[in-house]
Amino acid sequence: MKMCKVLGNIVATIKTKSHHGLKLMVVQSVDERGEPYSDPFIAVDCAQAGVGDIVLVVEEGGSAREVMKRPEGAVDAVIVGIIDDLNK
Amino acid sequence: MKMCKVLGNIVATIKTKSHHGLKLMVVQSVDERGEPYSDPFIAVDCAQAGVGDIVLVVEEGGSAREVMKRPEGAVDAVIVGIIDDLNK
Amino acid sequence: MKMCKVLGNIVATIKTKSHHGLKLMVVQSVDERGEPYSDPFIAVDCAQAGVGDIVLVVEEGGSAREVMKRPEGAVDAVIVGIIDDLNK
Amino acid sequence: MKMCKVLGNIVATIKTKSHHGLKLMVVQSVDERGEPYSDPFIAVDCAQAGVGDIVLVVEEGGSAREVMKRPEGAVDAVIVGIIDDLNK
Amino acid sequence: MKMCKVLGNIVATIKTKSHHGLKLMVVQSVDERGEPYSDPFIAVDCAQAGVGDIVLVVEEGGSAREVMKRPEGAVDAVIVGIIDDLNK
């Protein structure tokens, strides 16, 4: 799993049936100081996240499908929670 | 999932049966400003994408097979939609 | 699998049901000399690890679910042991 | 999937039963201009590829096993075709 | 799959039951000239490999579990052979 910051959401058309009705967010990984690293990617939001939130993202297909209760879904990254604090 | 730009399509021969009839596109990831990053890879087109389009790509095998309705298919990346807009 | 150092633990809310009750740690990969490399990520702790420990992390979803005895769980990284020594 | 150039083939011994009789090639990813990038890896050849060929490689385990008709096989990368041309 | 050099082996405690009795090696990827690249990681040894050997490593969970004949095992990287030669 990764800590990510929500950068925005995307609007897409001509999507396959498997992607109808999903809220798609652009997220970027952040390190333990909240600094961004790596490149942005797209995750389905299951945690009512907003732009600027630091979130917990699951990036494995089988897990993502389980979170969404769509075993047949074509999703490989899901926002499962909002991170409040990091204790070192 | 990733936001990618379509760079072109490839022509291949001597393909295994699992890859007959697929439209194979060369895509490259782009960031939230549409700038390319990372290296190009190959995705099956399920969204009637054209060269230059910004597309949504699923990169996990189980999900890709589900999108294509080919549980036995040997595909690990699929274009599932065309991205119209990014709201920040 | 990877050798990682435990950096801290996170507190998150609005988690999906699949993540209730899990102890989530921030870990960073280390090389054979214990030097950190790569970026930090989040793993579920199944080995009573503490901050500063060098741990063994499984990073594949199917394996992670098996370790946790949650076949339906949405977890893609698990701390399975604490590394005591490296023989070269 | 990736476009790769075939660099050579390897000879290995003491292999597990799952790897008996496989033709193992060293391949390296190339970009849309045929320029190599990333580091070389090993793929099973299912397309009668030769050294110097530009090939199509599937890199996901479930897909690789399907191509090879070995559901129980321990293979995570397979050459499935030879790329003749790239249209931009 | 990857060509890797064996750097050493690790000793770990408080491991989950799924990791009891496994021989865990620190390996690092090498290119076609035997030069190391990328960062070291941990693989289970199924090929009686020794420190300094160049080995063939499977890195996908489903494949790794099959090699080990532990469908329920939590392993994502396995040494399946020792590489003797590379023909270019």
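Labels for the chains are A, B, C, D and E, by order of writing; each one numbers its residues from 1.
As a working rule, a contact is a pair of C-beta atoms (placed from the backbone, for glycine too) under 8 Å apart; a residue touches a chain by one contact, two chains touch by 3 or more.
Here is each chain with its UniProt name: A, B, C, D, E = Ethanolamine utilization protein EutN.
From a predicted model like this one, the values you see are computed outputs, not experimental measurements.
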Among the other chains, which touch chain D and chain E together?
none
Number of steps on the shortest touching-chain route linking chain C and chain E:
1
Rotational angle, Cα trace of chain A fitted to chain D, multiple of 5°
145
Taking the mean of the C-alpha atoms as each chain's centre, how many Å separate chain B from chain D?
19
Go ahead and note the Å separation of the Cα centroids belonging to chain B and chain C.
31
Residue numbers of chain E (touch at least two other chains)
60-62, 64
Classify the inter-chain contact topology: is it line, ring, star, complete, or other?
ring
A student should be able to answer this: under the defined touch rule, what is the ring order from chain C, with chain E coming next?
C, E, D, B, A
Chain D-touching residues of chain E, taken from the complex the two chains share
1-3, 29, 31-32, 37-38, 46-48, 56, 58-64, 66-67, 78, 80-88
In the complex of these two chains, what residues of chain C are touching chain A?
7-16, 18-19, 24, 26, 39-43, 51, 60-62, 64-65, 72-77
